[in-house]
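Each structure below is given as structure tokens.
What follows is chain A paired twice: with chain B in the first complex and chain C in the second.
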Partner chain A sequence: MWKLFQIEVYKIFRKPRTYLAFAIITGFIFLIQLGLLVNGKEFLGFMLGTVNDMMEFNAKDILNGYWVCFAILNLLLIHVPILVALVAGDIVSGEAAMGTLRLMAIKPVSRAAIILAKFFASAVYVFLLLLWIAFISLFVSLLVFGSNNLMVAKVDDLRIIETGDILWRYCCAFGFAFIAMMVVAALALLLSTVSKNSIGPIVATVGIVILCTLISEMEIPLYQKYIRPYLFTSYMLGWKGFFYINYNEDNETIRGSIENLPAILKSIGALLAYIVLFVTASVMIFKRKDILS
Partner chain B sequence: MPEILRVQHLTKKFSEFVAVDDLSFTVNKGDVYGFLGQNGAGKSTTIRMLLSLITPTSGSINIFGEELAAKRSTILRQVGAIIEKPDLYLYLSAYENLSIFARMSGITVTKKILMDQLEMVGLAERAGSKVETFSQGMKQRLGIAVALVHNPGLIILDEPTNGLDPQGIADMRNLILHLSREGGKTIVVSSHLLSEIEIIANRILIIDKGKKVAEGEATALLDPSKTIVKITTADDGYATGQLQASAWANNLRQEKGIVLLMHKDDIPSVVAFLIERRVQVLAVTPQHSLENYFLSLTNQTGHVEAFSN
Partner chain C sequence: MKTKIIALLSAILLLPVLLAAQDVKQLVEKVKAKLDKVSDYQASGKMKTNVTFLKVPIANITMYYKKPNKMKIKSEKGFSFIPKGAVNINMSNSLSSGKYSVLDAGTDNINGTVVKVVKLLPEDDNADVVLSTLYIDETNLVIRKAKTTTRENGSYELEMSYGKYTEFGLPDKIVFSFNTKDYKLPKGVTFDFDDGTAKKTEDKAKNKKGRAEISISSYTVNKGVDDTVFQ
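== the complex of A and B ==
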């Protein structure tokens, strides 16, 4: 299994397509950073809207590396699944299309081991992709925009997190994002297992994520009550919870606090359950699959 | 010779379509076993079942004395294969491809082992080149290196000369003979070309529409004096019963008449045998030699009933 895992990781990182995702994400983030560097004040004014009229904000204080990273994550974490699907959706079906899958399947390794090795190898890819996003969106932003308190807008209020209380929240948020992206990777793996070409699973994964996200976000009571709890996308934005800080009686934020930890843990549990479900289904299907191509 | 491969009553259905129908055969140690049939006859499906790529609908496959379904990994450690064309990672080099599949085969991989293998197939100088730059023949040679790198006892080659130029075909043929004679390997090789199989195989199995048509020593099966004879009687059921108890039982099949593979000189004896047993013989029609029979299948110009011994 360890040997297979090493081989799978090696194959992923020898494919040019893998680096395409890193290049796309880098380009995206640099564009956002450049835009905020040039027109950050105007953007903030637009974002704050009427709040800006009621309270006085110093744009220079708000527009710091931590805030830029938060803005980038809000914009990008919806698009990262596409890049995850690009690699994970190809991981079995790409080999089937190339014909190497049958060469693998006649080697003395179990089919379950092949699928699990592929899943864990895609986890390495997702981890490194998020690490790269973290590096350029957080550390490069801190270098360019400097560090200060982080202002987070919620539906009904604004919360300020002190500089020394932010970094661990980002670590947790990226950890959460990793689990969320692994659900997408597991779904792409499942679709890849039943497909014979690589494009189908990639498009299908992205399509399912978009559809489920739309349903999750729709404020329609019927959907919210009966469908939303069963959609994995309903739990994918739980990373924001790490930035919702508690207040004390004096209306001061409590350092190190999280407003609703049980909700975050529930989201993590639900996402892990989806991962187990998708991977188990992939293994079961692949074990019984007749490999013709 | 000890038995290396035993297939019993193997059947594979894809929905209603029967790709392989109750196929049984054995391959002994040291055999070059030719697996012959026209395109779509069920050769590739059978070979995929031998390599556990496809699950049989029914029947059993026993390799090296063990049941494939139960001891898959142990058995596949000793099996090397090329399935039709050599499918390799085009974005990796020859060396990387070989290294990946050697490691998956469960052997300890050293640079020397891999380079020796590439040397054997004449690709040592291109070890670092990406496979996407290779010709079909070079890919096939690399496929052979991949199939042989773990020194398997049984080698299964499905249409190994597909897409090769005449020189490539000759090289492949020589390699198979070398592996058999010098290396003592047991080889199962499928082809739709009789001319290809008759040169290399010592035993032959012919299948058509998933069914066994004939099996036996190549020299005996391809003996031009042997012919397929169709006998029509007033009561084929009774006549078949009589023949089943005779010396011709192994050469017999009853399907819309009685069909026998036999020496031409034996035709009067068979007729006499039937008449002695009060069988009304209506017609005796020599059909083809087995070679012509197979050519008729592959050329799609004619067809006779399936034949089995």
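== the complex of A and C ==
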């Protein structure tokens, strides 16, 4: 199993498309950073809305590395799953298309081990991708924009988190994002096991993520009540919960607190359940699959 | 003869009013003279902001003032949202122009202290401040409370408690109340994580009054303040 896993990791990092994902994300984050460096005050003015009329503040202080990282992660909501699907969607079907899947299946290893090795290999890719995102969006932003308190904008309030209380939240958020992205990887793996070419699972995964995200975000009671709780995308935004700092009756934030930790834990639980569901289904399908290519 | 009697009666009736106006004008002048002893100051303290849509930690702040009307509040660490109009927490700013009409509005009681209520009407039609009501402690010659209505920055109220720096007319604690507007962003912009706590915020959103409480621990008076801090 370990050897199989190593081979799968090797295969992923031999493909140019893997590095393409890193290049795309780097370019994308760089463009956001450049945009915020040049026109950040205007963007901030929009985010603050009526606060501009009531309060005085130094926009330069708000526009710091922590805030830029938060803005980047907010904007990457749809894009990272696409990059995950790009690799995980190809992991089985790519080999089916090349004809190497049959060769692999005739080796003295179980089919379950093959699928699990592929899943864990894609986990390495997702982990490294998120690590890279964390490095360029957080540490590079901190170098360029400096450090200060973090302002988190919600629909009807603004929350300020003190400098010393931010970094652990990012660590937890990236940890959560890893679980969320692994759901996408597991879904792509599932679709990959039933397909004979790479394009189908990649496009289908992206399509499902986009569709589910739209339904999750639509404020339509029918969807909110009956469909939303069953969509994995409804739980993927849970990383933000780490930045929803709790406050007392005087609207004073409480250092080190999280407003609703049970909701985050519930989201983690739901996402893990989806991973188990998709991977189990992938193993079951692959075990019974008649490999003809 | 009849006209002279009417004029005499009018003078007798208006005399107390005119004298009272004269009294309050002198009272305001005395308060102003006390405040004028301060050319500049630097004050350290803590600011607690309580606005429905703003969840912020208590900030350690430094306030800078320089005559005639330069005022700046800076957060020592991180950044702070300072309510607009808070620059007028230095009452010297309100009285410095000297171009206002003073009206006696009787007396009131603030925390057991009888205060004189004085209304200031700016003579300049274009002034931002439309009306100021001062609650003056006649014994200590300090302003305990002030209500100000402005053209641009709405209405705000100041409540001040005095201690160590009463001789300069500088308060130890200032409570600044102001009107707030609604804050709302589209969900498509914030992509909020729906953690089921929306209702808590919704209920609280009804309060339209903001409050900033500044507790000052120390003042450095008349030691000079560099102009660059106000930029």
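We take it that the second predicted complex is superposed on the first by the 291 of 293 C-alpha atoms of A that agree within 3 Å, B and C clash if a C-alpha of one lies under 4 Å from a C-alpha of the other, contacts with A are read in each partner's own complex, and residues count from 1 in each chain.
Throughout what follows, a contact is a pair of C-beta atoms (placed from the backbone, for glycine too) under 8 Å apart; a residue touches a chain by one contact, two chains touch by 3 or more.
Everything numeric here is computed off the predicted structure, so don't read it as measured data.
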Message: For the combined arrangement obtained by superposing on chain A, do chain B and chain C clash, or do they fit?
response: fit
- request: Please indicate which partner A:D290 is in contact with in the superposed arrangement: first for chain B, second for chain C, both, or neither.
  value: first
Query: Is A:E217 contacted by the first partner chain B, the second partner chain C, both or neither?
result: second
Query: Hey, in the superposed model, what angle do you get at chain A between chain B and chain C, Cα centres, nearest 10 degrees?
result: 180
Task: Tell me which partner A:K107 touches in the superposition: chain B (first), chain C (second), both or neither.
output: first
Query: Which partner, once the models are overlaid, touches more of chain A's residues, chain C or chain B?
result: C
Task: For A:A23, select first, second, both or neither according to whether it touches chain B, chain C, the two together, or no partner.
output: neither
Shortest CA-CA distance between chain B and chain C [superposed frame, angstrom]: 41
- line: In chain A, both chain B and chain C touch residues none
Field: Interfacial residue positions of chain A with respect to chain B in the complex
entry: 3-4, 7, 10-11, 14-16, 98-100, 102-110, 288, 290-292
- prompt: Can you list the chain C residues touching chain A in their complex?
  reply: 48-58, 77-84, 86, 178, 180-198, 201-202, 205, 210
Message: Quick check on the complex: what are the chain B residues that touch chain A?
response: 48, 51-55, 72-77, 79, 81, 83, 85, 87-92, 96, 100-101, 103-106, 146
Residues on chain A engaged by chain C in the complex (per definition of touch): 47, 49-51, 53-58, 61-62, 74, 77, 148-149, 153-160, 162-163, 217, 219, 234, 237-241, 244-245, 247, 250-253, 255, 259-260, 263-264, 267
